[in-house]
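The chains carry the letters A, B, C, D, E and F, assigned in the order they are written, with residues numbered from 1 in each.
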Amino acid sequence: MSTLGFIEYEKASPEVRAVYDDIMATRKTDTVTNFWKALAHDPARLKRTWLETKEIMAAGALDPLIKELIYVTVSVTNQCDYCIAAHIASARKKGMSEAIFKEMMAVIGLANENNRLVAGYQVEIDDQYKAVG
Amino acid sequence: MSTLGFIEYEKASPEVRAVYDDIMATRKTDTVTNFWKALAHDPARLKRTWLETKEIMAAGALDPLIKELIYVTVSVTNQCDYCIAAHIASARKKGMSEAIFKEMMAVIGLANENNRLVAGYQVEIDDQYKAVG
Amino acid sequence: MSTLGFIEYEKASPEVRAVYDDIMATRKTDTVTNFWKALAHDPARLKRTWLETKEIMAAGALDPLIKELIYVTVSVTNQCDYCIAAHIASARKKGMSEAIFKEMMAVIGLANENNRLVAGYQVEIDDQYKAVG
Amino acid sequence: MSTLGFIEYEKASPEVRAVYDDIMATRKTDTVTNFWKALAHDPARLKRTWLETKEIMAAGALDPLIKELIYVTVSVTNQCDYCIAAHIASARKKGMSEAIFKEMMAVIGLANENNRLVAGYQVEIDDQYKAVG
Amino acid sequence: MSTLGFIEYEKASPEVRAVYDDIMATRKTDTVTNFWKALAHDPARLKRTWLETKEIMAAGALDPLIKELIYVTVSVTNQCDYCIAAHIASARKKGMSEAIFKEMMAVIGLANENNRLVAGYQVEIDDQYKAVG
Amino acid sequence: MSTLGFIEYEKASPEVRAVYDDIMATRKTDTVTNFWKALAHDPARLKRTWLETKEIMAAGALDPLIKELIYVTVSVTNQCDYCIAAHIASARKKGMSEAIFKEMMAVIGLANENNRLVAGYQVEIDDQYKAVG
């Protein structure tokens, strides 16, 4: 079971409900996921984390789908099962095709492999990269 | 110093030179980075890793720039300094603006934070995600 | 199932039982958790790991509760589900309130985020920190 | 060199200077560290990250020193050299003695070891922990 | 459920079946594990990953059992539950005794502990290691 | 600089010198590496860590060279530069050839890649592995 349990909408304070309402409106869904229902034990942080997430994941120089791919990439690298399941679902809603998923996974696998080859071969940074700034 | 040292073009075998030539031609540059010069001690693997990298990082369902962002995301999450320096440089060559870099970093930071909130609050996977397949 | 299975008290050798007895006496409980019952396949290591754990987690310059918080912090950062569940339970027995849990989680989240901002922005160590010694 | 370089006080916008001034006043120091000077390329995020950090690291149910220890613990587990150097310095300013440092390190080492013993022995969560909630 | 589901032998294309047949022949078993049935959605990558795995894990300067131990070591350090279960089973088939398993686990635990002691004590590389090349 | 600095032989207490002497005798060398000189600030822990390391890394069911390879594998996966440099040097002293190094690196790279493919494809544990015990 979750550390503190989940706070369901019916039992939530008006402050928490307002966040839940904004989550559902923004995501065009009628459910709030467990992540938010766990954070709701700390209403001030729930609000801040949600506003931060909403702002960071919104369209900007990068498209919302690309941002989801980056989020999935972090979660796969860290092996966070919940985050992988939740954000693969979000990425699909934002247009991730099966082909995109497979290409993303190929890059994630390659980079995780090469990161270790670099470490074990103790590869020093090229002078040309030191000058980047 | 690198574990096995670097194999420079002048001292490379024809087999290794062929890979170096392809790297420089593909990347439109006249230098080969240290990563490849370290792997060159194992010519068969050098060739395979390069062909794999070339194919995976090429345009497909995802744009080469997006693939570089995914590569950087893995490297930042794993804290591989060499890989971060090298692939931020590659991403810039492929069009990463400062705005894109900053937005990518914001998502990487957020996901790394939320991955741990999920773990510590022991959030269980929502039923709706279990049904994804 | 566990790799080697668990060794229950009834089937344990006198050497293993002596460790189990000390664990239960020290923790004021009448059960031994699965971690110890798995390690018991290697009685010498079981004993050493238990004595090490007992000594390291005891009161010293740091209070036992603070030590549990540090243990939970490592486990959350590494995403070890078993360790998170077990040590959150231990921390509660040693006085972790809900408020302490939430503040700890906020710091863990923040640090995991900032660790990656530092990596991606390739922040160099300030001269003042180099002089620390 | 840092990815985007550092923004020094003299060249900073009024918005960025206001954050720098608050950092120096809060920390009772006359320097701003490189982390903030790198983030300053994104003034809105600089401000948000600073306010978040200031609030999360302030005294609450946990003492500021304990929060620094948690921050160091995350950074050591992730092996972020910059963060380790910076936050060990902060922890010392807040009262971390050499004895506290050594005990913290012993717990960090132990937990990182035991996290892997749990994984490799494939230890299942005890029923008693499943009921925690 | 798996992201894309599993492709069973009966429903697989001839190209995928050929890989499945080679996996079963090489491993002297009549089942294909879920990992391959998930990758089969991308037949070209399935084939490449299998050929790469077959070649890398084969006898060479290192014995296949030792290679499995290295694979398990990576998976335990990364806490990948599936990989730990699958490769401990493979290691046993290749001759891993209980004594070998326990000694491997002791080294994995020790190295994960010492990696963090090095980080937290900020130990600088000895001059003698810098000269290795 | 190291967090607490290094304790050189000349300035060490008799208790610390005894450990240093044993390290040098066991390793057939006349230098003590920085790791031990940093831990020496905590003489009791220095002694325990050394005795633990000596015992775990000694010949048993596994050969000392294989144990070094496992140690290097952990350090590469965690990207601990100091540990990689130090233990590659140790592995060489114990007989690691260039061919062994390259094969080990290939397995480390492969396992780090496949760990993430498993995570992202959300591969469930095969029934056959659940029965292992």
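Everything below uses one rule, namely that contacts are C-beta pairs under 8 Å (C-beta built on N, C-alpha and C of every residue); 3 or more make two chains touch, one makes a residue touch a chain.
Owing to the predicted nature of the structure, the values given are computational and were not obtained by experimental measurement.
The greatest centre-to-centre distance from chain A, using averaged C-alpha positions, is reached by F. Looking at C-D and B-F side by side, the one with more C-beta contacts is C-D. Per-chain Cα centroids separate chain E from chain F by 20 Å. Note on chain placement: the centre of chain B and the centre of chain D lie 27 Å apart, centres being C-alpha means. Taking each chain's centre as the mean of its C-alpha atoms, chain A lies 34 Å from chain F.
Annotation for chain E: residues 1-4, 52, 77-81, 85, 88, 102, 104, 106, 108, 110, 112, 114-115, 117, 119-122, 130, 132 touch two or more other chains. Against chain E, the residues of chain D that register as touching in their complex are 72, 76-77, 79, 81, 84-85, 88, 104-105, 108-110, 112-117, 119-122. For chain A in complex with chain E, the residues that touch the partner chain are 79, 88, 98, 101-102, 106.
Those residues of chain A that touch chain B in the complex are listed here as 1-4, 31, 33-35, 38-39, 49, 52-53, 56-57, 60-62, 66-67, 69-71, 73-75, 77-78, 80-83, 85-89, 92, 97, 99-100, 102-104, 106-108, 110-112, 114-115, 117-126, 128-130, 132. Of all residues in chain B, only 3-4, 41-42, 45, 78-80 touch chain F in the complex they form.
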